[in-house]
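In this document, chain identifiers A, B, C and D correspond to the written order of the chains, with residue numbering beginning at 1 in each.
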Amino acid sequence: MTTETLCGDFYTHCFQAEQDKEHEGRLIINMGPQHPSTHGVLRVIVEMEGEYISRAEPVIGYLHRMHEKMGEIKTYHQYMPNMGRVDYLHALAWNWAYIGAVEKLCQIEVPRRAEFIRVITCEMNRICSHLVWWGAYLLDLGAFTPIMYSFDDREQAVDLLQMITGSRLTYCYYRFGGVRTDINDAFIAGTRDFCKLMKSRLPMYKDLVTDNYILRKRCEEIGVLPLEMARRYGATGPVLRGSGQKYDVRRAEPYSVYPELDFEIPAFPEGDAMARYRVRVAEMEQSVRIIEQSLNMLPQGDFMAPKSPKRIKPPKGDVYFAVEGARGKIGVYIISDGSSTPYRLKLRSPSYSNLSLFAELAKGTLLADAVSILGSLDLVIPEIDR
Amino acid sequence: MNLLGEIREAIKGFYSLAVGMGVTGKYFFRPEVTVHYPRKTVDNVSTYSGHVELQPGKKNPDGADCIVCGTCVRNCPSGCLTLEVLELMEENPDLEKKPKKIKKLKALIYDYSYCSLCGQCIENCPVTALGFSQHVYWAEFDRKAIKMDLVARLKDQLNAKKEAM
Amino acid sequence: MKTSENLLEGLDICAQTRCRYEQCGCVTAVFLDQVQLRAAASRLFEAGYHIEDVTGVDFAEGIEVIYHFDHFDHPVDYPARVTLRVLTDHESPEVPTISDIFSGAGWHERECFDFFGVTFSDHPQFRPLLLPAEFDQHPLLKPEKNRESLYAFLGACEPVKPVKGERYHFEASVEAPVEAQKTPEALASSDTGQSRSEKA
Amino acid sequence: MSSLIQFISRLIPLELIHILIGLVAILAFIGVNGLVLVYVERKVAGFIQRRPGPFEVGPWGILQTLADAVKLMGKQLFSPSGGDRLLFWLAPMLAFAPLPLLFMTIPVGKNLVAFDANLGLILILAFSGLNVLALCFAGWGSYNKWSLLGAIRSVSQAVAYEIPMLLAVLAVTLTTGTLQLSAIVDAQGVWPWQWHFLTQPAGFIIYLICAFAETNRAPFDLPEAESELTAGFHTEYSGMGFGLFFLAEYSSMVVVSSVCTVLFLGGWKGPGPEILGFVWFFAKVYGLVLLMMWVRWTFPRVRFDQLLNISWRWLIPLSLFNLLYVAAVVKI
């Protein structure tokens, strides 16, 4: 071996070792950990043949914080703020996954009003998350302006969420048996206005971006993900629905008051990046619909169960609770040994499964398409590394 | 025919690009939405939950209602609160009983750099002595500078209020 | 459609926990012998299941590796989560890989190796994923004194139903035969007894 | 006085003095133009995105680019270890050096031209081709794989887009029968309907598209595609090395817009006194530059193979047809 082949770290060496003898001259490039289109510190080692990627391997773990170990040390209450940090873009879904798991374990009843508040805030957060993705994806494709427009809209939603949760990004709002604060009239009026605003903005998004010829050429038939492959990798969320499977945890494993709400699960059968794009845009519309319905159905009553325990000491046993996050199925698996800390806490993050299929999907595509695919998977790196 | 189809598609594509240009062209003349921060500030600071602080007490307007139970310290996930307790003997001792010890709050050291603003201390406080501040625009050059004594902060705040009156 | 119980029929199941979905979020939880794992996984694959996660738990008897599967097209109100569990020992933890059946399991298994040191044999790209390559510890392994007995958890949802014979097929455990010979009801009551004694 | 001029002109030919004055003016123009255009670009981006753009340094932020220029000059110059130092530092100079030459033959107003060469168009096309060499050197000398990919892209992009551009330009020269830019302007009238863009609309559009590609502007900014190749060929440049590339980009924007104005939009001609011709000229040029900015802040980037496809599958046949059409219809 020459000195040139010895450079790089452990992962590069492993990657080089898997290179075929006949393709030894191919260019091996590190895409990341600092790369504009990896959205954080994701690193993808790619083997390039000209502009084509012949092999890719994501290397993750740069943001690993060992949330699962923290869960074994902290009490059930103390672990709550961690959840907002796992996926900062859809923090309330992670909040819900964890709170819901513990509530299921302890059989805590949640008042109806609290359930509706959860639905409203979680869907609002989903819109925020999709808006960030929308802007960032176009940034990946080289359009700089859309992210400014989407952040303009997102700001309205974040202001509303700040009104009741007190924070703007890493929420810690849900509590065992309810939510921390009740919503007020100002929030309800503001949310109705926001729904109207979103409805008026979506056509603009369509004109500016969705119909754009260049964008369509960059997304259509790029990164076609067959349904069978999505299933093999356990992909969920918009990535799966972009392959035509109408699978949504909100419908498949109904939790909270979602069965009472009337909304559709958008799914597009093409399986390409455009289908994933369309799913997310359609989901924003559906979320607006859910929020409007929940506001109309919002009952009076407690926002916190009156008998919610101050100290959580669940019975022995295990529980798996899944919710639908903006990126897919968020699962929290808790094994309780009857003490005030979990014996084992497992977080199933959707981006983790979604990214694992990238290596297979990117094979043989152009570098620019790989960027487009990576963007269309909607990755949040802290969630992958946990 | 294939060529005709492609030409039609190309024209459609050009039209879609023109529509996009129209959108950005329209927004060019719209007023800006940015808030010029140091000169103007946003108006929703009142709903923001800033760092934790002691609230002026209802029973004890000159200080906090804190009963030094230590619940906040125990419940804090990141261990950013430390209690310093002053132990006093009861002032008017009942001669028949043993003199009772009274715990008083000397200082509540709060390290903002570790705080995750989850509100566990505030919710679990039995006398609601703690609350979120609206101290938003707080920046320091040194990480150690955002570690503070909440008792001293409360005292300063109350003094400032008195002077204002 | 096939329910998850008759799906795994005929496999050498060590123990089957009939769970209620409302309580623990899955419909079937099965304790398998290691040899049967790949057969069970391929049956689940053929029945249209997808992998949710692979994780481990450190118990006194060994490291339990847990696989969660779910199905896309199950009827509403009938979630289909299936849990497979296998046990491996602390000294040289090794489990056959299912990453050739469920490709997504590949990363989960690598993560499991990072956290617990469980080796998955025949895994095509077996190298650390989340933790640095030179880090040789496994953070989620518990210290000896904090490990709890697996038997306390097995019956947690509902009493365990011994499937084959009367004994569980677990290896090397001092309490195992004693616990296993008990009737399900006795086992359930012994759980509460144990937890009470812990408190004391 | 007149004897002094005669004395000097005997020492140095008058033509040379003319060129020297023009060169100084052009160099000054390039510097000022860079500062102004960067500022305008930021403001345009800001207004389109509903932000203020630069507004801290100086009134309305007009000194922002000046501050940036000072910062760029003050920065340390790094050359990457393992790179080819000669090529690495040659590249920015090579990108910048032909620019004054390009401006020389462009008639800004009536008789306002530094060097009215009768093969002016050829001069511009030849020297603008040097730009690709600079990008190639930069990518190679950087010893960076991303830069290398950027260099590869820039070469094939330049090759693909030179052809339709030349063909579009050729169609104009076919009608005017000259390669002298001032003569081409003279061939067009004062009013917009006398300009070439109406007689040769296809040529005009083809030239515009090629201009985007030639100057590496979005949506054709593939050699430096930020989200794919980090910054392509100038990833490794710091300080004035980067500054020169930057200046070259903004100057070449003006060059292609000027050529476009001369060829298709009547040059300095417009209604009004001839002495105000340069106002018309600059209005047209900066109008085109603004259009380029508007496009940049609206569209996503095209993919590399699509970029080449546009050229080989659409622009080259179209420009050939355009040439035929011009030869057959316009000329007759």
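Remarks
We adopt the following convention: a residue touches a chain if its C-beta (ideal position, glycine included) is under 8 Å from a C-beta of that chain, and two chains touch if they have at least 3 such contacts.
Model, not experiment: these values are computed from the prediction.
By C-beta pair count, the most extensively touching chains are A-C. With centres taken as mean C-alpha coordinates, the chain found closest to the middle of all protein C-alpha atoms is A. In terms of their C-alpha centroids, the spacing between chain A and chain D amounts to 44 Å. Computed from the mean C-alpha positions, the centre of chain C lies at a distance of 67 Å from the centre of chain D.
Averaging Cα coordinates per chain places chain A and chain B 26 Å apart. Shown for chain A are the residues that touch two or more other chains, namely 145, 149, 152, 208-209, 212, 214.
Listed for chain B are residues 17, 20, 23-24, 27, 33, each touching two or more other chains. Residue positions 48-51, 297-299 of chain D are each in touch with at least two other chains.
Taken pairwise by the contact criterion, the protein chains fit none of the simple patterns, being neither a path, a ring, a star nor fully connected. Remark: the chains found to touch one another pair up as A-B, A-C, A-D, B-D. Of all residues in chain C, only 22-26, 45, 48, 50-53, 55, 57-58, 66, 68, 70, 72-74, 76-77, 79, 81, 83, 102-108, 115, 125, 127-134, 139-140, 142, 148, 152-153, 156-157, 191, 195, 198 touch chain A in the complex they form. Note for the complex: chain A touches chain C at residues 9-11, 14, 57, 60-61, 64, 66, 68-69, 72, 101, 104, 229-235, 240, 245, 247, 251-254, 315-322, 329, 331, 333, 335, 337-338, 343-344, 346, 348, 352-353, 356-357, 360, 385-386.
Of all residues in chain D, only 45, 48-51, 145-146, 149, 152-153, 218-219, 221, 225-230, 297-306 touch chain A in the complex they form. Every residue of chain B that touches chain A in the complex is listed here, in rising order: 12-14, 16-17, 19-20, 22-24, 27, 33, 44, 47-49, 75-78, 116-120, 123-124, 132. Those residues of chain B that touch chain D in the complex are listed here as 10, 17, 20-21, 23-25, 27-34, 36.
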